[in-house]
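Here chain A shows up in two complexes: once beside chain B, once beside chain C.
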Partner chain A sequence: MSRSSGWAREAQAVFAKDCLLELRTRVALGAVVLFAVTSVVAAGFALAPPSGVAGDVKAALLWVVIFFAAVAGLSRVFVVEEETRTADALRLAVSPVGVFVGKLAFNTVLMWVLCALTVPLYLVLLEAPVVHWGLFVVVTFLGSTALACATTAVAAIVAKASMRGALFGVLSFPVALPPLLVAIHGTKAAWMANAGWRAAIGDIQVLVGFMLVIVPASLLVFEHIWSD
Partner chain B sequence: MTWQIELRRVGKVFNDRPVLRGISASVCSPGAWTILGPNGSGKSTLLRIIAGLLTPTDGEVLYLRNGERLNAQQRRQAVGMVAPDIALYRPLTALENLRFLARARGMHLRDPQLLELLEQVQLRQRAHDPVATFSTGMVQRLKLLTALVHRPPVLLLDEPGSNLDEAGMEFIRLIVREQAKHGIVIVATNDTREMDYGEPLIRLGA
Partner chain C sequence: MSTTTKVLTGVWIAAVTVAAFTWLPPAQGFRNPESARIVVFHVPCAVLTFIAFMANALYSWKYLRSRNPLADAKANISAELGMLFAVLATVTGSLFAMEQWGSPWNWDPRETSIVMLMLVYAAYFVLRGSVEEKSKRARLSAAYALLAFPAMVFLIWIFPRIVESLHPTNTLFSRTGLDPAYRVTLWGFFAGLVSVYVWMFRLRLRVELAEARLRERRHSELEMEPIGAQP
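Up next, the complex of A and B:
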């Protein structure tokens, strides 16, 4: 028997546990995928024929679907521990940094799964005119990761509040809006023949910068919120 | 190795209502102690403060190893706790719960070793069943195992015998006796069957 310490190992354990719980219950994945697929299919039918819809509207609609699907599923990652009274078991065994990083990793993977299922369906149903495929994949990857960081940060803050639902909406607005707007702009650039990487390089920098700021800031706040 | 827990004028206020006031005490390994008092007297709150789950409004709780003060991470490693309001993951099996909490504590235990531990609490046959299907006594035995899997020097028990039959009570008595040989056990209770688990440390009023 050997023993090791460190937040990375703790985060790995929390991530593996959350994945196992999700596979067993499918609560978050069910909420996220159901919302996203329903929205995409509804938009596909409502906007028929999609060729008449402008590219910037389609880009905005794609990220609105992704954002609201994320809010539906990713916001419960900490709340569920409080509701099932397992939060104290976690507090006793894992450092706040380990908990936050583990939950962030789980939410990020959930977000990637959501995008892997939703985005291809969206591109087909709404005939999205992707010109720069490489840029589109990079923006989608960074945008979804940044949104996962934003929603995890807000979910951590509201986990112990009594009016969680309302508070999550209010706090999500200013936190998630910057990466959302930038991701929409980057997606538009990937869909325009005369735009491409040069037009979106600023968006990519902002998305990376956003994640570099929001994660350490959330960790600082989370340590105090989670402990008491 | 000597372990010591020192409570210095600990107080806790919830919504302007004082629950605990100026509690001071000190315990040193090896041994077992009890925190006694009727329902609502603040036993669980005090135990949660000792565990580090609650921050006291006044005073502080010190953990000392050979006279040297421990930080939050070291204290987390030193404590195992069982309480009615600390639940296990009900959709996961006994083995999965134990595996997660062992890994989270940095213990590298393989499944055969984990199954051996489950055997010690007579749960090996149910190792692959979800905790949601367990009886109260089985859940309590699994909780004790998860609290002890990292071999903590400090074991905190909040009403450990609640809803347990005589066999369950005897099992807890055995655990307390074993742990008290080398570490610290603190039991919060108002059950007369549990009051002889250790020396009275603190008596709280209603």
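Up next, the complex of A and C:
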């Protein structure tokens, strides 16, 4: 069997293992979704329709909620390995590339689930004026994927440091900032009748480009983070 | 750095500063042409910020390849100097904005991006502070610096171009962007600032090395004390 399928198989195994663990405990999902739902409900109370809050404020708020929910849960994939002292076993069994790709896949799926559950709720509770539905779905999909790509390697760094919870937010914000800014910009475009695809095409390009840069960069440095 | 270079740097910067206020004509096309002279000091600081953060990424990469603690120290010092020049660029830019745009802070894309940039490297320092073990700290912060680097490139080069900005974008390197007198003075000040940068860099490195030697000496003194020999 060739080398490339080797790491793919390893990544698949890591991904399956993490999914199984998550299904048994539901810690990461619980943290992420509960955080998001709580903040969406709080925002709904404060900014429900009569308040007359503009659409672009709601677009920014949506991504702030998604980002902080991600911060609440995405570091868990690596922190749990250090806490249960299984990191060494994983280091022995699987190549660094396999570990990273598996964990990245898990975090990406977690972000998708988060968005699938909370974004509709947000739209309903805050009566967000979505005009271009296709664009909105694409931007949300790419934005959440980009957030997972940006923060997975940071999660690996944080798992090795002290005061992990606070540190993850501080460290992932700067790295996640470009996709966050662009996703907010694109969401605004999807919510305005006179904007649409033409206004957001640059945002989509930047989101895709960012992922194409940050994932190889993460792979490059991950080996140094992961191996002691 | 030799004393001659230091003296020359001082004289050079003083001369360029005098030239900026006397020889340089006020820039036409600005609301307040006289105050546009600050560009001569503002732009070199911004360029040097970028160079310092580039150096940080380069030394981080070097550290990961060689695991040489010296590269880690250099990466740290580059980030510190980058932060210093970022503050200088922000303050001078803010003064200029007050004169030209009527308010010190306008959330112009370039203003936004330099704040974000400072956040990136503030996070870098927080990470360095939160890891006790030296080699681990060097490894993790180097990895983080390389992760933050794409974000930095985005903030400096891409973001100000996709969002509408009051800032000029392509003046520095295009032929028609800058009046020749301004070009000469600006790059003259830049040369002086580079010299200061190199000087500061070396000073910080010497302090770092001296501290390392001191630690080593203390360490060996502790080891020399015979354990259990004293009553």
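One rule holds for everything that comes next: the second predicted complex is superposed on the first by the 219 of 228 C-alpha atoms of A that agree within 3 Å, B and C clash if a C-alpha of one lies under 4 Å from a C-alpha of the other, contacts with A are read in each partner's own complex, and residues count from 1 in each chain.
What we mean here is this: contacts are C-beta pairs under 8 Å (C-beta built on N, C-alpha and C of every residue); 3 or more make two chains touch, one makes a residue touch a chain.
Fair warning: this is a prediction, and the values are worked out from it, not measured in the lab.
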{"item": "Partner chain in contact with A:G186 - chain B first, chain C second, else both or neither", "value": "neither"}
{"item": "Which of chain B and chain C A:L21 touches, first, second, both or neither", "value": "first"}
{"item": "Touching partner for A:G143 - first (chain B), second (chain C), both, neither", "value": "neither"}
{"item": "Touching partner for A:G73 - first (chain B), second (chain C), both, neither", "value": "neither"}
{"item": "Partner chain(s) touched by A:E10 [first = chain B, second = chain C, both, neither]", "value": "first"}
{"item": "Chain B versus chain C as contact partner of A:V221, first or second or both or neither", "value": "second"}
{"item": "Contacts of A:A89 with chain B and chain C, given as first, second, both or neither", "value": "first"}
{"item": "Set intersection of chain A contacts, chain C complex versus chain B complex", "value": "none"}
{"item": "Partner chain A, residues of chain B touching it in the complex", "value": "51-55, 72-73, 76-77, 79-81, 83, 85-92, 96, 100-101, 103-109, 113, 130, 146, 150"}
{"item": "Residue numbers on chain A that touch chain C, as the complex places them", "value": "150, 153-154, 157, 160-163, 167, 170-171, 173-175, 177-178, 181-182, 185, 202-203, 206, 210, 213-214, 217-218, 220-222, 224-225"}
{"item": "Touching residues on chain A, where the partner in the complex is chain B", "value": "1-6, 9-10, 12-14, 16-17, 20-21, 24-25, 84-86, 88-95, 98, 227-228"}
{"item": "Residue numbers on chain C that touch chain A, as the complex places them", "value": "64, 116, 119-120, 123, 126-127, 130-132, 136, 139-140, 142-144, 146-151, 154-155, 158-159, 162-163"}
